[in-house]
């Protein structure tokens, strides 16, 4: 299982220290779907990146299948990185614009030295994953700016699945996408889950989606003791949470 | 004879092939850029073929022909000891360009290195490095350049001192560009995705950072060349640059200054023109390249 | 009674290096005085282009044909002066993402005043009108004048942008993707805000891919697919029982319904087929579907669908 235990992370913003996540604990069992809901700015993405070993928490721990995570980001253990994969909200900035879509999908294998030796094998592997996420072969030759957001997100999904992760974290997978693309992405994930027992953490502000799709729902506001932070506050010259209170009063007036 | 003819035919065909491809590429360019490319091509070919077109022999003084105005036998006239000015100018272009390109390369490499260090290490290292950069950037290029040349000429020789001088005055802007690009790249989710996929620092640098940096670095390098031409010409004009026997355009210009009073306008005009043309054409081509990389937003709101 | 806005056979194509991107093909739709019209479709279906065409906010590399009549005058044929009098005063746009639609380094007071003056109001009239308008929207002109846009909460930003659109008292307000970037729990609040605008008497055109917002707003709905309007009719009728197969499949994809995706992908706008664009993905495809493009056939009260299945009636 993938578990986060009492994770806390604080950022230093222009207006002072902002607590993004405060003492959050979350467990994802293999083969299950956990939905993490809550408003934007409440720390869901931060928790997601910590659980994917990309960000180091200030305190607390993350354990993946019994192994505790000791190193984070670039220093994290390569062997562990493939166990948890993270898909980001905005597909266009999640791919290197200079790589063709097909190359981007296989990049994690190339980076880890796991790419099949023969060009034919590579093509076959790529095309099989492309088919599973609903990408046609001609799109694989294109550059990111030549395909739509929906197609790019499918490519990001393929890229995450190509390393056969045990756990998949989707951070607002389809907030920017249309309903049918969202449905297609979720169907592809469900199929892989049925076959390989993938554990899924679906992060979304869409409560209806979470209810319809996930077996278990967790609300970030209950997990983490901090309040939702409006990004506007971090840049205001009034400073900190005092400003947020004032704005809320203005808002309500 | 036939072997030579075959080689000639082969090289002509090769030349024609290259010419054709270049021709079709050029057709898409705006007129100003095409003119700039043409002029620059003439200058470069002239510089490369200087030894063939007008071999230079410093000792070929022709004291009967001192300060002769441009004529058919001496297309650009002669200088104060009777040497053919065309030969001197062509060789001057050759030397000026070589020095300028090497100097710009030095600046580019130094700037890129510093930018990478600052951009990837961040934190205190970045702060220290950037403050040092600021110190160098705030120096007046010319005065600082003169100081460097004066200090290092005895040690490195004229050419070496100039390269150092240009290098140390022009690297800061490139360092800032590289650092800026790197810092914005590191924030993008695709870098996080690459790390999650298993990429280490080296892979990130090679596969993701460098391809993004190269166009910016290449462009900055090309844009530094005109600066370097000017810098070197100015230093040589003041007598602080290259030794006179390896005359660059600046040196010739210095000679020209003296001859102006004697009525020899051509000795000042032609090297000056060459400096101007070289700088302008390279600058124009670089600007058009920059336009292609980062097209300016055009307000096209109308039907 | 002639409609306030009559769009007839509007086609918009963008000339790009990869060919002509046909963003809109012969779209015809009308909006009555005080009506609420929803323009719904996926990204790339042509809905944003339709909205921008109404105000002639298109880049130079376009081919446009058809007509857009506002109170009888063809907007497409107007001279720049006349066009300026239409923009903001007769038709106004509430752009996507309020925070990025305003100048981040200018204080709001100046920007609001400038918008009002541009609509032809004097300095004094502008202040009075803005004060009233912002007050109705729940904001105080004096307290926000000195602020920058990023210092307001998301909800307040939206209201500022709404005020800028309404200051000229336009006949038609166009809202472009009002819920983009907003959390799902704000859909109700957004719908309420929009209905408030509609209640002031102006016609409201809402461009959106958010089906939940559309369902809450009601009014009339025009569904776009691959540059064509494929269904038009009362929104309630659409959500209860869509007539076009694409509409049906689209609603099935909602997670609260079946969450079932539509197989395949929408056609490239540079290579639209000469027949029904949805045919390749349509479960009800039959012979005529791959032969020619269907017209908008009447289905029942006020509902039209671009589908051969309804051609007989």
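A few points about this structure:
Read from first to last, the chains carry the letters A, B and C; within each, the first residue is number 1.
One rule holds for everything that comes next: a residue touches a chain if its C-beta (ideal position, glycine included) is under 8 Å from a C-beta of that chain, and two chains touch if they have at least 3 such contacts.
What you are looking at is a predicted structure, and each value in this text was computed from that prediction instead of being measured.
Of all chains, the one whose Cα centroid sits at the greatest distance from that of subunit A is B. Centrality by C-alpha centroid: the chain sitting nearest the overall protein C-alpha mean is A. Inter-chain contacts peak for the pair A-C. Note on chain placement: the centre of subunit A and the centre of subunit C lie 31 Å apart, centres being C-alpha means. Between subunit A and subunit B the centroid-to-centroid distance comes to 47 Å (mean Cα coordinates, whole Å). Measuring from the averaged C-alpha position of subunit B to that of subunit C gives a distance of 53 Å. Along subunit B, no residue makes contact with two or more other chains.
Partner subunit A is touched in their complex by these residues of subunit C: 42-44, 138-140, 143, 150-156, 183-185, 209, 211-212, 249-250, 253-256, 259-262, 265.
Across the complex, subunit B meets subunit A through its residues 188-190, 192-201, 203-204, 207-208, 211-212. Partner subunit C is touched in their complex by these residues of subunit A: 39-40, 134, 136, 148-151, 178-184, 186-187, 205-209, 211-213, 230, 232, 235-238, 243, 247-248, 250-251, 253.
Those residues of subunit A that touch subunit B in the complex are listed here as 49, 52-54, 73-74, 76, 78, 81-82, 84-86, 88, 90, 93-96, 98, 107-109, 111-112, 156, 159, 163.
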